[in-house]
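Labels run A, B, C and D following the written order; every chain starts at residue 1.
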Amino acid sequence: MNKSAVKKIAVLTSGGDAPGMNAALRAVVRTANHYDIECFGVREGYNGLINDDFTKMGPRSVKNIIGAGGTILRSARSLEFKTKEGRQKAYDNCVKHGIDGLVCIGGDGTFTGAKIFNEEFGIKVIGVPGTIDNDIFGTDNTIGYDTALNTAMDAIDKIRDTATSHNRVFFVEVMGRDAGFIALNSGLATGAVDILIPEKKDSIEDLFATFERAEKAGKSSSIVVVAEGEQLGSIYDLAKATKAGFPDYDIRVAILGHIQRGGSPSCADRVLASRLGFGAVVGLMKGKTNVMAGLQSNNLVFTPFEEAIKKHNEINQELMLLSEILAI
Amino acid sequence: MNKSAVKKIAVLTSGGDAPGMNAALRAVVRTANHYDIECFGVREGYNGLINDDFTKMGPRSVKNIIGAGGTILRSARSLEFKTKEGRQKAYDNCVKHGIDGLVCIGGDGTFTGAKIFNEEFGIKVIGVPGTIDNDIFGTDNTIGYDTALNTAMDAIDKIRDTATSHNRVFFVEVMGRDAGFIALNSGLATGAVDILIPEKKDSIEDLFATFERAEKAGKSSSIVVVAEGEQLGSIYDLAKATKAGFPDYDIRVAILGHIQRGGSPSCADRVLASRLGFGAVVGLMKGKTNVMAGLQSNNLVFTPFEEAIKKHNEINQELMLLSEILAI
Amino acid sequence: MNKSAVKKIAVLTSGGDAPGMNAALRAVVRTANHYDIECFGVREGYNGLINDDFTKMGPRSVKNIIGAGGTILRSARSLEFKTKEGRQKAYDNCVKHGIDGLVCIGGDGTFTGAKIFNEEFGIKVIGVPGTIDNDIFGTDNTIGYDTALNTAMDAIDKIRDTATSHNRVFFVEVMGRDAGFIALNSGLATGAVDILIPEKKDSIEDLFATFERAEKAGKSSSIVVVAEGEQLGSIYDLAKATKAGFPDYDIRVAILGHIQRGGSPSCADRVLASRLGFGAVVGLMKGKTNVMAGLQSNNLVFTPFEEAIKKHNEINQELMLLSEILAI
Amino acid sequence: MNKSAVKKIAVLTSGGDAPGMNAALRAVVRTANHYDIECFGVREGYNGLINDDFTKMGPRSVKNIIGAGGTILRSARSLEFKTKEGRQKAYDNCVKHGIDGLVCIGGDGTFTGAKIFNEEFGIKVIGVPGTIDNDIFGTDNTIGYDTALNTAMDAIDKIRDTATSHNRVFFVEVMGRDAGFIALNSGLATGAVDILIPEKKDSIEDLFATFERAEKAGKSSSIVVVAEGEQLGSIYDLAKATKAGFPDYDIRVAILGHIQRGGSPSCADRVLASRLGFGAVVGLMKGKTNVMAGLQSNNLVFTPFEEAIKKHNEINQELMLLSEILAI
């Protein structure tokens, strides 16, 4: 690959951290090194661009991080980068270091910033989708999503031990912001009696009907998985309404919370992160910009930031059907 | 061991479930079988005694359960057993089945019931301490405690990934009812900057002083582990007070909740449960009653229910000191 | 879906067990129940067909098995089913029970048997790919593969702790029969310095060159992942040859072995198994036969047994390249 | 604690690595810092003493290592330290750096070296027992042992999935050198049908009798856990002999190997390591030398190296009995 379009790149992680960000970083740094491109790590997301927090990175800088959760570059949400002045400082620092390409690992907020930065200053930018929520268009899976699914599933499996031992009903809230992917898949994988997600119009009546079907079928304990973005009401409201409808139910609420963001990435996430980190550098070398690297049907594809941000992966209707058929 | 004091025993699990209850049950059933004692499993705790929910159990009834979380006998808190009438029914059912010994796996509520039952009706009863809280006197560790420690630790390790990546302060609440064992040990094991437990007089001033020391030492993220029984205030109050004192801290709250009760028991818990289940049957055979089987300094000991309920294991002062010295 | 082509189906698991087989079984049983199709479980693979080991299964027969490793129906390799007489007995039993459709969960040996059975006796058969090796054409992933990847990765991560602490070189053999998928992906995910798989022509010279590059780059410990089907030599031969070439290396061999087949299935495997179990029943209802249900690019597809057995998923060339670029 | 007997200490890890060594190191460094004692880390065990590989360590040098497997100081077995010349060099380097106390984390080989070093040169030395084998006298548990038990147990649990699915007999070899602690406890915890350890006189006849009892009891699959130091024969010999005695058994061998040394330490190991690291520094401050810090019945105790090396913890006879009673 002679004549790369970039000679010196920088890489940062931004937004909520996700397992696999370090694996993606490692891939960026080592791919750059392989193709004789200089690579700088920028700490704390866009803030590091603004505050000139750049460090030269080589293959040894990223040793033994492929399995580490979080991000060694740290992450942050930057208010200053939302201002023209902030972005100007960021650009000046890039110029100072001779950066001609930027890899931004993060979610849609990260890409929104990257898009503006590219459009204002012309610096080449490629995004890598790192978020547990899987709410980015242009890639079948985002980095961290598979790990979060396994973490949520393990937690719900543990809760089931207690639910079964006590004939209880548990409402379990999982992460995912406005998207129901984690809820749908972890709920399906743990045999949840019902799964409430923002993409589906739910009603208390349907939920009650499910409980009645479950009882009739002989189920003595149940788990309802609720996406954090669910529109029907807060998980506490749902539990309260259920108690009103089924006074003899022993109901508990569990909010899985931040454990879903951490932990060592799964094999699938490490491989995905490695491929996308590699893809981002190769994309920059080929002159691509204002796009996100993603994997669709096992192929590396580049999707314009605009699409990646605006469009959404559809919830799989077959999975919704399955979750009903298989639950009871 | 000829001339056993019992010929037909029953076993039940009661109170909150704990990992290892199944391993204890397996040990009771197989030990009984080994010594030619008939054994019945009673479902749903004392309710099963009252409702005559007895099942004959043999070695094959407990196959492949040593590693299963929860309790296959199920558990429940029985209001009816708190009445004389309820206990009379329970006793009548024991008589009907010819039960002359009872093994009750659970916590202090379970033992309180067992004690009264024994004192009223004379039926031999031995307790086995199964609770994640470790708040039972007469045994170094209760069944489920070691597993809960590992579960809490794993969860806090995951949260640390996020805390570190974002320079955040996390308040993490762990279980333990009125006891701080889980908090102290999981906090020590995860390098918590501070650990708040009911056995120690905490103050907001001390907590703030800790944050200041941590900052001065160069720590950029921190985890505070809070026992659910902490007296200083709810975890939300603590977070709010901290935000008031340190307005630029990015603070999050996580409540680990019921995941701490579930999961496959650790090796230590499976071995402990096996020893105590065995010990309970051997104790009954020797004519012991109104006592709990426990392990102290690696020896099987029997402690009167009265002591087991009233006294408490002391929090290890050295661990408290260590948690301060090693945190920062 | 009115007018199903089948009314009474049987399901069996055959060949090497894989995590997720139970989840697939659960999906078959509950989907059948949902569409009012009777469903029988057959124990111990084709032997159960021959020995008339059928059990009626309903939704409650498969409760709480979605997360269980292995297969509750048990599995076996049947020599008798390879004979015409054996298959005749099997068919007679199917006729006796009124079975008009059969779901066979297993690998290519299983499908070979199913294909002959279908061609000889005309009974409708659909296969579900359950094997950790991922060596089946017609599906992006086989059931159990993702779990095995995580298990292998976790084991290699542990071995790395020791390798790093002692500046050692480890040769680690992973499963996969003639396929290198597990080796390539787990090796990539654990930062293996080299990955030896049957699909790639390896040489001792290349391996030595890799060690030299690694040394030059400052790596003080290394892991080489070797597929069990590797053609260059046994893992012991490779270790011995390396010792001869690099006498001062401290070399160890680890064979991960059967741990890779067990354990609770990952979320991805549970979801995949649920979809394919569902798909198999729906396929039978639509009159499909002599095909395997698979998932390609997230869509349910049916592939003739003949193709599924003969063709092979190609090793991803990009991953091979990546494993070289990112390792050092 | 005024007037410490030491002012400048060094710490090293030696021998086989064990999970929790990093937690012990962290405790040594932070305790020293707390009491205003300077602390140096020595890399690669006694080799580092000889080669003058000392680094000043402070609280931040050990951040985020409490949960890391292996040892960041690395470990090695040093031939040169077995010579008088080697030890002289080591001593000279200690003098050069002003070291007046040494903490050696490792097993009995480590302590043997430490004892000679102390006796020859008078430098104060305290040992911390870090080995998965639990074969050190003077402490109830060694650091790493609890983690290794859980790792072995998890692996055997996975193997059981396959054993059960195929009606197989598995011989599983676990680590422990000449000691049977890992085998006995992991075997008990996984319901092994038999456990072969060097401390017990085993015979093929007893093993066969066990298989016969198991068959009679209706067990269709079995796991035999074999300690690596077992005297009856290699695991392959045992498998072969069993096949000869029971020709229709489907027998497999699994050697768990080095995965047992790695991984993130359990909560119990992190707490133990923290206490012993702390204890070692406090011991040095009080003028103790030529002893090992251990925990007995939850109390910190110091045992002369001579005893720690020569004596051995006895295998618990009750556990041996239990393993027979509960297995079938």
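In this text, contacts are C-beta pairs under 8 Å (C-beta built on N, C-alpha and C of every residue); 3 or more make two chains touch, one makes a residue touch a chain.
Note that the structure is a prediction, hence the values are computed from the model and not measured.
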Those chains which touch chain D and also touch chain B: none
Centroid spacing, where centroids are CA-atom means, of chain C and chain D in whole angstrom: 36
Between chain B and chain C, centroid-to-centroid distance (C-alpha), Å: 39
Chain A-chain C separation of Cα centroids, rounded to whole Å: 28
Residues of chain B whose C-beta touches two or more other chains: 157, 160, 164
Touch-based graph of the chains, sorted into line, ring, star, complete or other: ring
Pairwise chain contacts, counting only pairs that touch as defined: A-B, A-C, B-D, C-D
Residue ranges of chain C touching chain D (in the complex, touch as defined): 13, 16-17, 19, 21, 44, 68-71, 74-76, 151, 155, 157-162, 164-167, 170, 252, 254-259, 261-263
Chain A to chain C touching residues, read off their complex: 26-27, 30-31, 34, 59-60, 63-64, 66-67, 140, 146, 149-150, 152-153, 157, 160, 164, 185-186, 188-191, 217-219, 264, 266-268, 270-271, 274-275, 278, 296-298, 300, 316, 318-319, 322, 325-326, 328
